[in-house]
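A, B, C, D, E and F are the chain letters, set down in written order, and residue numbers restart from 1 in every chain.
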Amino acid sequence: MGIVYVYRRAHFSASHRLFDQALSDEQNAEIFGACSNPNGHGHNYYIEVCVAGMPAAKTGFVIDLKKVKKILEEKFLDKVDHKNLNVDVDFMKGINPTTENIAVAAWKQIASHISEGKLYSVRIYETENNFVEYRGD
Amino acid sequence: MGIVYVYRRAHFSASHRLFDQALSDEQNAEIFGACSNPNGHGHNYYIEVCVAGMPAAKTGFVIDLKKVKKILEEKFLDKVDHKNLNVDVDFMKGINPTTENIAVAAWKQIASHISEGKLYSVRIYETENNFVEYRGD
Amino acid sequence: MGIVYVYRRAHFSASHRLFDQALSDEQNAEIFGACSNPNGHGHNYYIEVCVAGMPAAKTGFVIDLKKVKKILEEKFLDKVDHKNLNVDVDFMKGINPTTENIAVAAWKQIASHISEGKLYSVRIYETENNFVEYRGD
Amino acid sequence: MGIVYVYRRAHFSASHRLFDQALSDEQNAEIFGACSNPNGHGHNYYIEVCVAGMPAAKTGFVIDLKKVKKILEEKFLDKVDHKNLNVDVDFMKGINPTTENIAVAAWKQIASHISEGKLYSVRIYETENNFVEYRGD
Amino acid sequence: MGIVYVYRRAHFSASHRLFDQALSDEQNAEIFGACSNPNGHGHNYYIEVCVAGMPAAKTGFVIDLKKVKKILEEKFLDKVDHKNLNVDVDFMKGINPTTENIAVAAWKQIASHISEGKLYSVRIYETENNFVEYRGD
Amino acid sequence: MGIVYVYRRAHFSASHRLFDQALSDEQNAEIFGACSNPNGHGHNYYIEVCVAGMPAAKTGFVIDLKKVKKILEEKFLDKVDHKNLNVDVDFMKGINPTTENIAVAAWKQIASHISEGKLYSVRIYETENNFVEYRGD
């Protein structure tokens, strides 16, 4: 039959400030502009994870999306939803919360827990107009 | 011809914390739950304003939506986009930034500047699932 | 301050068959067409409930939308999600599951449980193109 | 039971130029800006019509939305879809195709053909951010 | 010039029950949960097909999307829209209607009829949050 | 870390007529149907550009999306928004404005200006149901 790609999308609300600790406030403002507002701003983020694999003959599933939903919630969403990404999230400590860095961090949180098929991509929508995809390579 | 209702929608990204200054952190947490996370969280908000009136014979417009866009930007969006609603916004000082209170505050910022027709409603989308409308009465 | 209208949207997946028990299969087919396919078909429905009232001074809420979410889940969504609306739902027994009738039934399930403000409208989206609103009068 | 409001949404692609024949090209450009580009521009418009009435006991319908779909197609969509609103549409002759004027013209095309319930509103989306509603009064 | 990928999206409403005929009702319930409700449930599915190829010099089309629309309707949509996927669809007989299996079945229905370019992918959205893509390999 | 793909979406409103200058009006009508209406029609187009590369250690950006936004505006959007694609756009002169040809033309306008990472794909949405992607090979 061949490879099938299954996707699960979920939502989280978080605040952040683009900010490199090695730079001054002025340098951060120059590079990141309004995104470096000291008191932060926020987004309704969407995360979209894709798992690739062969559907099992018995279930017709690559992986039960309820499993993906649970992994996503436990390993990622519960840690970022209604949080400040600069301060409240252990796996983002010391990481500038650009959409690129959030996507890579989400991949690391999730990839090893996918028990059937393989994690193929993680997409993070910061807004409807700005989004990022990471495929682990 | 009769009344026509014209709508303009716009977007802003902001962070907030639901928080009543008269209450303790514990009381705030009890009432507002995750929405009262001390370091805040955030949203991609949408604001939708509606102006009601008779289209002018000459232009076919109730009001040129480019004017509404400009009022929205100058009186509201420039003050809230990429900001922290609890700290950075003069017209939200001392106001708990619930969606209800944001909608009423937006009305007050905008209503008197609508030069043709009358402001009919202000709607604020906090997420796709939670939103609020205020009609000024 | 005046009345504010707060909205909560939620999703459910259900199957149905438009079908009047007092009519023959042929008559049902003539009136309802493909919507009366004997083995049913289904939709991703959205329900949107609106509660109108004055925001409380202490909380800034008309009603905490988490309460609305809970009422919606207990009184409506848990009974219709992943169900057949003709067969599985107690409060739809003997009722032809048109979108109109679903909206009225949802109102009856929910209205008396709204403890702050008043239920103002219930909207049911059957598809992006077909939807219905009921305001209880 | 009371009044129920049923909605049907549909799509059309059309071009237009905002332009008042009584004015010069310069005056049109001054009032309408880029919207008065002499060679026109265009939109994916959405029209949303609402019919209000009591659901019939026999069918559970205010009006069969398949009827509304057919009226919309015959009286409106077939005349505007893939057309130039300034030149190709009989019922827009001599009318400046602002969204306001399109909504009023659509109402006039449709209202008398609604055989059950009454036309309650016509909404025209020019873009996701600019839209207009007419309620016939 | 190189390869261009053209996409056509369409909608269908169907009901289904996740169900493996080789298993008992209890086993089906254990594996598929609420998705195995004996009386079924349903979705507004979207199908998105992609054809890849070089645009023809004369037309500027990889393939006229009106042709893809017609193939989609005749070979797939007319057989699944307003149907029960477990019972009413010849090409789904004996197949558990998971989103994965629907995507593969749609590919088989459509691929050989694409006369210009080649079918590149078939995507099925079961909901906004759960979807599947098949690329034929 | 590996490659990350960053996306920027933007909107433009334009009119067009599918039309091959080497053919007669009758031949154009036969090939392009309603899309070849002599007075044109129009769309709310969306363009989605993707840049692929390694995020810079200092900024966490593949490329600052504000730069992509500026390139998109200067090299593409300012030339097509509120325009007639057959007449008003220098880089579309003599090109039949199919979605395929618009995507390839947009690629040529933008690719050489991407200063960090590489342009990976350009997607043009003509409607929600019809869209095209070009990857430059």
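Please note the rule applied: a contact is a pair of C-beta atoms (placed from the backbone, for glycine too) under 8 Å apart; a residue touches a chain by one contact, two chains touch by 3 or more.
This one's a predicted model, so the numbers in the text were calculated from it and none came from an experiment.
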Could you tell me which chains are in contact with chain B and with chain F alike? A, D
What is the chain whose Cα centroid lies farthest from the Cα centroid of chain D? A
Farthest from chain E in C-alpha centre terms, which chain would that be? B
Could you work out the angle of the rotation that brings the CA atoms of chain D onto the matching CA atoms of chain E, rounded to the nearest 5 degrees? 180
Chain B and chain D, separation of their C-alpha mean positions in angstrom: 28
Touching two or more other chains - residues of chain D: 128
Taking the top-of-page definition of touch, could you list the pairs of chains it picks out? A-B, A-E, A-F, B-C, B-D, C-D, C-E, D-F, E-F
Contact set on chain D toward chain C in their complex: 1-10, 55, 58-62, 64-66
Provide the residue numbers of chain A that touch chain B in the complex, in ascending order. 11, 13-16, 34-35, 37, 39-44, 81-84, 86-88, 127-128
Touching residues of chain B toward chain C in the complex: what are they? 18, 20, 31-33, 95-101, 103-104, 128-137
